[in-house]
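Each chain gets a letter, A, B and C, in the order it is written, and its residues are counted from 1.
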Amino acid sequence: MSGLRVEELSVAYGGKVAVNGVSFTVAPGQTYGLVGESGCGKTTIGRAFGRQVARSGLITGGRIVVDDVDVLGLSPAALRRWRAEALAVVQQEASAALDPTMRIGTQLAQALRARGRDRAAARQEVPELLERVRLPDPAAIARRYPHQLSGGQQQRVVIAAALAARPRLLVLDEPTTGLDAAVEREILDLIGELRTELGAAVVLISHDLGLVGRLCDRVGVLYAGRLVEEGPAGKVLSDPAHPYPAALLASTPGLGRNRRTHPLTAIPGHPPAPGEQQDGCSFAPRCPLADDLCRSTVPTLSTAPDGSTAGLHLVRCHHPGQTAQAVSQPEPLPEPQSAASRSAESDRRPESAVSQPSPLPPDGGPLLEVRGLTRRYGKTVAVDGVDLVIRRGEVVGLVGESGSGKTTLARTVAGLGGRGPGTITLRGRPLHPSATRRAPEQRRAIQMVFQNPYSSLNPSHTIRTILTKAARSLGGPLDPAGLAHEAGLDAHVLDARPERLSGGQRQRAAIARAFAGVPDLVVCDEPVSALDVSVQAGVLRLLDDRQRASGTSYLFISHDLAVVGYLADRIAVMYRGQVVEQGPAEQVLHGPHHPYTAVLVGSHPPAPPGQGDGAGTGCRFAADCPSRVDGLCDTSVPPVRDLGQEHVVHCHLDPARLPHRAQGSTAP
Amino acid sequence: MRFLLRRLVAVPLTLLGVSVLVFVTTELVPGDVARTILGREASAESVARLRGQLGLERPLPARYADWLGGFVTGRWGESYTLRVPVRDLVLDRLSASMLLAALAFALLVPVAVTLGLVAGVNHDRPMDRLVSVTGLALGATPEFVTGVILLVVFAVRLRWFPASAKAPDGSSLLARLGHLALPAFSLVVLCTGYVARHVRAGAVTAIESPYASAAELRGLTRWQVVRRHVLRNSTISATSALGVQLQFLLGGLVTVELLFNHPGIGALLLSSAVDKDLPTLQATAMVLGLLYMLIVLAADVAFRLLDPRIRLGAAS
Amino acid sequence: MTAIALPYARRRHGAALGIGAAIIVAWAVVAAFWPQLVPYEPDLLDPASRFLPPGSAHWLGTDQFGRDTFSRLLAGSRPVLLVAPAATALAVVAGALVGLAAGTYGGVVDEIVMRVLDAVVVFPSIIATVLVVALAGRSVTVMVLVIAASFVPIVARSVRAATLVEREKSYVEAARLRGERSWGLTVREILPNVSSTVIVEATSRFGDAIFAAATLSFLGLGQPPGSPDWGASVSDNRLWLQLAPWTVLAPALAIASLVVGIALVADALRGRWEAGRS
């Protein structure tokens, strides 16, 4: 049989089982998606294809067969030959997958020579390879070093190196992680095209359900090293039979999903660590459907009870198909009995207060006003003449790709940015650029939640100390236990140092610290980007709850439009230091909106890459804009179009011609 | 380029600072230089006369200016104790030291890179621990200690190498190198561990890097991956460590030359300091200081030339 | 993966730490109590028994004056174990203060401090040491000061670097949002997190101080000739290397054992510290 066949694959690290009896098949030309949260074993499976598990790891059982070749049974020499001839792997982090000390051309030529071309043929084929991944000016690219390319270009080169083989198996491990939305779309389009050209079996590994849904024919969902469900992508990702993917979907914010209308459901607890001994179903401790049977007996992978005709649909559950119940009951579960997991970490929310959805955003007066704010770092202008208003009780979302200036703007508001032109006022009173020079009352009013939960808490202090210090200097009530409880943290966490807490717990502690002095505005800088989906939903819910309970305003920053759209009442879109659009969340997301926003929400394909650097005198986005009007957009500053309801767009296009999302288009 | 220019300008400026330091410290010598030179029996008049000849009565800044001008134009004066021109003396000793340092360096680089790579490729295995711990221990041991042990084993017991670094006059280069073998070994032992550690660290990073694993997935053997990717990346990252160790090696010359009776600049520094032979001491210190700075500069420049990320600037 | 690698690293470093610490403690005990431990008076001349090889009467033989090598070996541990810890303590305290100050105030203060330290580092410490000791004369105080002075820039640089790394972390920014600044911020928030750097530095510098003290004595710039000090002994006895190698080997191996012990401890501490960071 041709294609890929994985049979009962098991991998362990130092005796701890990371992958447990995984089986699936992929026909040539088909794309199979492996999804799951971090630690579920998906990357380990990805590495097992090339027989390249980490040194402490061991493939303890099973077979991997590609076009009738038993990969795990090959001798070292035969394995090398097979890797060279039949395997192509695109790893995550393209920038690290290229040798920083070698020119792109040399690296690709080596890749070609490893695949059996002679020196001359390899040199000749390099430009062809670069053209196949749609890189303009291959000769120039070949002469460069990796650090001279953009992230998207680097990933294209990595894909080109993979294509140097004529692979029978193509493994894509988180191929777009770390790339900006627009670049991600380009890379996905490229992968989509190449997939049909190659006719190889393709395995796509990702934590991103939307991505897998777009590219894959079939999907396997991994949990704690086991496949818990597998079947046709459309079926599994829209109507899963297992409670875990169902809960995962319910905890993923999609575009157009808002906290006021479609609140997220967090999955309580956290996935078990590799090797953690468990009786029964590994999802049982987090599953609302779990009963004694689930806790004692591991369910088998059997046909799902939905009569699907699109292909085999398997599920590993004692109560398959009852997912509606699984998702509609967000109440937390009793503590697991094991002492180890008690003392370690849990992301559960003891408070069962599911706040009442309030349909309308509050309509307060202006709280914070930013006028003409500009910040430079050396020669680069990070923030360029930005105006922004945040009202009382309002959540303002700030989106943009990396380098758009959103973080600089947020940090400046918080008092952690540099100095420069422009003013920030709080209730009409000017704010000093440095937080330490602001009045104590102003410091109390503005607090911040940081991106990286692993560096935002002092590792030398206990959570109690951290919260007490904050409450004391911000003038809040000295009640660390109360703060922790409000943030959904168990009391026993108070006397632990941050290293004992999970990422989600740390972020909850950071939120508790920000609320220690009852702030008027909390700046949230990508607060969930470092967290797994199921944990992220819990933190988003907490931010939502705290906001409703206290009427605090948020300035909420994210590169992820779906996350911003979920929390925000109003959205501002930044591009290269400028706000190109702002307005009510719904209108900004749905349109008519700025062409750049259209690219971000995916309703508009981006312009082909490498057209220019946007350094012209006109619209910053002109070079990459699919709707560009030559001679106008690139030379003159775009006018401000008022679309009503305080929705403004900086664009030369007539408001009637501005793009908008097609009716009925679903979340990506 | 701008970096190189800035560093080149910094060399004479730093050297100026060094010259002040050298001059002032040497001028603060307790006791009378003239008395030191002439000995205790000399008459008061002859001491005063010598003071006048040496210009010791003039103010310090004037004497500094004279001395610096003389140093820059090559008039380094005459040695108080040996009664020979300081310039000939220092340059002669310098060339002897350079032969020793060059031999040590030529042995150091291949030994350290090989050991570092072996440790890195086998990282976290017994071989790695052996190389790392041994290197660390030897690097922490003063060179006169290793030198003495080498002497006992190879010169006294086995008689493979001569005990003295001083070859008879008219010896061939090979014979001279034979006499320098033991002193060079002690310097190599001193520096190998440190350089090997840096090569190892670079090798581990490179081996665990995604680009090495990608190369392996393209069907390359371990050895090919090491040769094409690991060797280059680990030696680049170890270049600056090599510069530091070269400085160390230079400092080690003082001890090693004393131990092995090698007539080099290190031994000269020590003897001129002990004998309070000021012109020789000042010139020796200045020459060593200059050498020191040039080594740092060379290592920095080499690092920048080898690493394209620095050579070609940050990402565009 | 780190969770799996960590216990192994701990265990491995644990053995090295134990051996290294045992060596150091043993020599410290010897340095403190050698008068009770020596079989002979270390300076006792005995012309009748010159150059005796190691045997039952003299475990490590005798030197050119008939002095007992073993007794001198024990007595020789004291000078180096007085000078090195004193110099290390001085250098670590001064260096840590300078490094913290440079990292805390940044800007012009940092620039000036770092330029001065750069200049000091550029000036080869061996030249400076030879200059100063030869000219200022030989004394324990001079030795301590010279060794400490040459280490201050090294300590200051690494403490400064660690301070700067911590200063960029969000928990420090959170403290600034509360209104903490300058020394208060450094002492309360940053210092606890750079203390491991200071400890690792102190151990490494202690090893270097032993190295430096021994070398100075060997060069005749530290302990006076005739002293039982190890460096001075090697220097005094190397003339009779062919005749009585034991008189040279014993102090040389003693120095080696001490620096190796310290190196093992320093490496283990650094390893733990790095494992703790990842």
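Keep this in mind: contacts are C-beta pairs under 8 Å (C-beta built on N, C-alpha and C of every residue); 3 or more make two chains touch, one makes a residue touch a chain.
These numbers come from a predicted model, not from an experiment.
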*Would you mind telling me which chain pair, A-C or B-C, is linked by more contacting C-beta pairs?*
B-C
*Taking the mean of all protein CA atoms as the centre, name the chain whose own CA mean is closest to it.*
A
_Report the inter-centroid distance (CA atoms only) between subunit A and subunit B in whole Å._
53
*Could you tell me the distance, in whole angstrom, between the mean C-alpha positions of subunit A and subunit C?*
49
*Please report how many Å separate the Cα centroid of subunit B from that of subunit C, as a whole number.*
21
*Overlap residues in subunit B, where contacts from two or more other chains coincide*: 124
_Multi-chain contact sites of subunit C, meaning residues that touch two or more partners_ = none
*In the complex formed with subunit A, which residues of subunit B make contact?*
124, 209-211, 213-221, 228-229, 232-233, 236, 306-309, 312, 314-316
*Going by the contact rule at the top, pick out the subunit C residues touching subunit B in the complex.*
8, 12, 16, 119, 122-128, 130-132, 134-137, 207-208, 211, 214-215, 218-220, 231, 234-235, 238, 241-242, 245, 248-249, 252-253, 255-256, 259-260, 262-264, 267
*Residues of subunit A defined as touching subunit B within the complex*: 50, 52, 55, 80-85, 87, 89, 91, 93, 96-102, 110-111, 114-115, 145, 147-150, 158, 161, 164-165
*Would you pull the subunit C residues touching subunit A in the complex into a rising list?*
1, 3-5, 169-171, 173-181, 189, 192-193
*For subunit A, which residues count as touching subunit C in their complex?*
13-14, 16, 54, 56, 273, 414-416, 435-436, 440, 443, 446-448, 450-452, 455-461, 469-470, 473-474, 510, 513
